[in-house]
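Both complexes below contain chain A, partnered by chain B and then by chain C.
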Partner chain A sequence: MEHAELLRVEGLKTWFHSRHGVAKAVDGIDFSIGEGEHVGLVGESGSGKSVTALSILRLVRDPPGRIVDGRILFEGRDLLSLSDEQMRRIRGRRISMVFQDPASHLDPVMKVGDWIAEAVALHKGTNRKEAIAEAVRLLQVLKVPSPRDVLHAYPFQLSGGMCQRILIATAIATEPVLIIADEATSALDVTVQASILRTLGELTENIGTAVLLTTHNMRVVRKACSRVMVMYAGRVVEDCRTEHLFERPMHPYTVGLLNAVPSLDRVGRPLIPMLGEPPLPTATPPGCAFFARCPIRRPICQEKRPPLLEVAPGRSSACLFPEEAGGAR
Partner chain B sequence: MDRTDNEPIPVAAPTGGSQEGGWPRVLSGVRSHQGIAVGAAIVMAVVLVALLAPFISPYDPNEIHPIDRLKGIGTPGYLLGTDIQGRDMLSRLAWGSRTSLAIAVVPLAIAGLIGLLLGSFGAYGGGVSETLIMRGMDVVFGLPPILLAIAVAATLGPGLFNLLVSLTIVLIPPMTRVTAQVVAILREQTFVEAARASGARDLQIIFHHILPNSVAPVLAYATSLAGSMVVFGAGISFIGLGIQPPRADWGRMINDGREVLDLMPHVSTLPGIAIVVLAAGFNFLGDGLRDLLDPRMKV
Partner chain C sequence: MLRFLAWRLLFLIPVLLGASAVVFTLIQLAPGDPIDVLMGVFASPEAREALRAKYGLNDPAYVQYFRWLWHILQGDWGVSIQQRRPVLPLVMEKFWITMLLTGAAGLFAIVVGVGAGVIAAVKQNSLTDRLILLVSVFSLSMPAYWLGLVFIFLFSVTLGWLPTGGMRSFMGEKSNLDVLEHMIMPGVVAGLTPAAIIARVARAAMLEGMRLDYMTALRAKGLSERAVILRHALRNALPTIVNMTGLQIGYLILGAALFVEIIFSWPGLGYEIYKSVIGRDMPMMLGLVLFSTIVFVLLNLLVDVLYRVINPRVRAD
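This part shows the complex of A and B:
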């Protein structure tokens, strides 16, 4: 792809230690994001999307979680080798995060204007007044009506969509080079979702910010991302341009995901639910994690975990038989 | 201090809401607001009396009238009678409200501040500092509070200042502990994570997010302790370790009337009633505030 590389994650493993054993939430994930690129990270609940997102910012709570292995190269530096203070300077300034469930990610007893201003003041060294002015400007860009009134409100007085705009304004205020949006639109209804995605897209386009959008919603990915990575049981199983994924998925799990959601491409055809359950994160079998649910499984799949390999120009799949995965749709 | 260790402290955290709906919940809501109103009215009334003591007292509280000793309630000139030295009860009660209020408020305010800081730093930081602070508090917490207060007051010597110091020391462990419990819930809240994700420093998170969010529940808890503090302070003065004569104090006044309890019970009973009323007022207020802040009680 034409983008210069911004973030490269290599063999990242984030494990959670619990009484029931070690839960390998992220188990050797590899991917990269280019400058200004909008990438989707898709997977069902528990596939490790959020843990991946939190791991990049080193926000996984330790204990119980711990990044046990891997490298996170960002602008040429391994984030895992930085001191806490160096990492803090990257958070919010170079990499921002937007969360799911926006209302609970704002301080309930703080006016949202102060919340934005605090982040602006922290990274730009401006005083409160300038920071508030900047917050007003950002909300205008986000097409928030009467931004000054909104800034004087407390989170409980605002709608979920408005809270999410506040979080996005906070994330964008410092003009970071990467925004990680963790299920950023999942708690919102569809119309608000669309408007949030549109403004997020426009804003990041303007300042050339890359976006990593984790979601379980295929429609969101299709709308907002140029490239998509499908995650299953702690690893990326497919990685390609969005349109290719929807045209011709090359991993049986992706096929299953696409068959299970309604789409205008396949009106009149029944939805096919995926059989079985994902493996428990505490029990990782030696072979392919998708083996038990796979419609095209062969005995060889059980021997070794298939690596994520380039199977066609610009697209990778972690299936030994990518051509048979789903065929043309 | 009637709160047990394991009882969760209500914080303004989102919860699923109580299973019990309908009338019981509505009634409890109304009751808690009534409690706040009644409690606030009583406390405000006492505060007013304390402020206006110089104006509403017919006599100097320490003025002795040797001829009018041990007059009963309603004696002309002495609305609430006189004590064994012929001092006007009404004047002494009015002036005594000042020390009782000071005993209820000052130690709680100081211990509350110290507790907020110790508790939030301990609980937010976690690890060794949390263990050191909290286990240290547990040692003090393990002693019966009234005995601890008496021991400290006896060591420091009598007097209002030393009484306030001893009650502050007694209050620091529960206030720290309650703050730590609140903060332990708050630090897991997602907005703290969001603040960390936007690059906020730990100190900034503690002072801008953790402390403002813990003030309300801690304040409610402190108010519910104020009633016990009134009783504690009066008790310590009663046994002679607190306020010293001739200064007017309710606990001291009960002691003054002890010898004539069979003949002239009003000398001990009136300050006793005053203590009960003020303590009840603080308890109503504290319970009401706690219910109000408890998300499970929200209608």
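This part shows the complex of A and C:
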């Protein structure tokens, strides 16, 4: 299944300036997302997933953060070259966002119905009454029981899962072409997680919206994404179809990640924790960022950062020795 | 909400009783004898004693207090010794004049204070922010009576733009515009300190709100920066601002107005308190202070109610 390209990120660098130096949270990342494609961006905490997600909508707080280089091509335009006003018309309308910890991403003193209606009214130009009616419809689509009661509640009166449904309703209200879900299920318990993922999947499937899902949870990726990008120390180190990643990872970091996750395929085999720590974002080494933790490292890996290259049809890896990374699992 | 209101109203009774006792005691402790003021120091001891007995000044203090309280509750606030008129209507009349000045000062404090606070928060650490800080520290540090004199010297004596004091001109037309013109300077002088305090509180409350995660979510929705700040950040800072504003307005009626009214000869409660203290007019003094206290307590209640109305997190208990 081939997708026409919707978003292409090239050489994006988002750095944070502080007294302790420059933290290269995102340090030259390349990827693309096709129309209607569901892509996962996985990595551990601090790998730069969220900053990547926020950078696409230019929502990184400046100061301290700044997009210092790169291009974000979306519908033929470079988002980084748009004016604030032009950018504002893309946010929430063409690209919308769902956040981790949904309760704290809602206005605490605004009724959630007004929160949804605000987005509807802003982008569709409807009046308040029509917007509220639309909010009711959206919650019905999301299978929220008694939507009218929910609309009159404040965020603190709702569960985390319900707050996330509110954010999703807001995100799909304008039928955007891309939804960025930043750790959208990480703060929820497993059953709610599954239902939210299913809902998000179905809804976006119906309206043909692409999804970029950032997560640290391999199970979530497997369930919800057709393609997955693995991020390490501010860069994508592996990019391929989800089933290929789980069958045969081609970067030692991915291998480490998969070994550390319990799986039904490997019942009875011990989990293998990954040793060491990722490099500090203020002091990334000149060579491969994974060098210090890598089981198959060689002296050449230290010389320069290996680029993300196509190593097999439809899949890329930033390892110089992808064939040796993990082998068949 | 109704239960809360009933509970708070019930709670007013002990508060007001306590306040009345404190007011009464303080004025008892104040030096000076009203008889001296009424009759002069050369009156005969017999005449003095007769008047003393007539006003019941020989009874123990607690008897005097309960007698006074009983009358107060019946609406009989006594007769002003100096003006020989019932206290309550006099106080009411002065109260509205003070409210006019407090209203002007309060409006100035809210508009300037909230405005400066929001701007300082949005432009945190900029030159504008620092300038606002500097001006507010200055306003906080300058006592109203000194600032009042400087203003009079500057705007009335030197520039001749505004009248030096009073509420109306002696001559010329008695229009509302004339009152307004007299109100500007005392209003600004009285409002400057609360404006500075409100600005500091508004800035802090805004900054706290602007750090929260939902600000990013608002921008992600496509809202303009203006809507993010005014419709959401300010709305979230509002409970804190309202709380502080209510207190400041209360202080205005009780305290700031006193000095400002004296400096600008504004014929309100403060000016009247000053006159009654100088004249040892005890019934008037008691009436004025008690009335101001009641207003302050009621204002606090109003603020508490308002706080619950605009803050859903407190409302839901």
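Assume the second predicted complex is superposed on the first by the 328 of 329 C-alpha atoms of A that agree within 3 Å, B and C clash if a C-alpha of one lies under 4 Å from a C-alpha of the other, contacts with A are read in each partner's own complex, and residues count from 1 in each chain.
Definition applied: a contact is a pair of C-beta atoms (placed from the backbone, for glycine too) under 8 Å apart; a residue touches a chain by one contact, two chains touch by 3 or more.
The model shown is predicted, which means the values in this text are computed figures rather than measured ones.
Asker: Should chain B and chain C be called a clash or a fit once both complexes are overlaid on chain A?
Answerer: When both complexes are placed onto chain A, chain B and chain C end up clashing with one another.
Asker: With the two complexes superposed on chain A, say which partner A:57 touches: chain B (first), chain C (second), both, or neither.
Answerer: So A:57 meets both chain B and chain C here.
Asker: In the overlay, answer first, second, both or neither for which of chain B and chain C A:157 touches.
Answerer: Only chain C is touched by A:157; chain B is not.
Asker: If we overlay the two complexes on their shared chain A, which of chain B and chain C does A:248 touch? Say first, second, both or neither.
Answerer: neither
Asker: Which holds for A:97: it touches chain B only (first), chain C only (second), both, or neither?
Answerer: After superposition on chain A, A:97 lies in contact with both partners, chain B and chain C.
Asker: A:108 in the overlay: touching chain B, chain C, both, or neither? Say first, second, both or neither.
Answerer: Once the two structures are laid over each other on A, A:108 reaches both partners.
Asker: Where does chain C run into chain B after the fit on chain A, at 43-51, 133-141 or 169-177?
Answerer: For chain C, the clashing option is 133-141.
Asker: Overlap the chain B and chain C contact sets on chain A and report the shared residues.
Answerer: Common to the two interfaces on chain A: residues 57, 59, 88-93, 96-97, 99, 101, 104-110, 118-119, 122-123, 167, 170.
Asker: What residues of chain C sit close enough to touch chain A in their complex?
Answerer: Residue list for chain C touching chain A: 212-214, 216-225, 232, 235-236, 310-313, 316.
Asker: Show me the residue ranges of chain A that touch chain B in the complex, using the header's touch definition.
Answerer: Going through chain A, the ones touching chain B are 57, 59, 88-93, 96-97, 99, 101, 104-110, 118-119, 122-123, 167, 170-171.
Asker: Quick one: which bits of chain A touch chain C in the complex? Just the residue numbers, please.
Answerer: It is residues 54, 57, 59, 61, 84, 88-93, 96-97, 99, 101, 104-110, 118-119, 122-123, 154, 156-157, 167, 170 of chain A that touch chain C.
Asker: Help me check something: in the complex, which residues belonging to chain B touch chain A?
Answerer: 12, 14, 189-191, 193-201, 204, 208-209, 212-213
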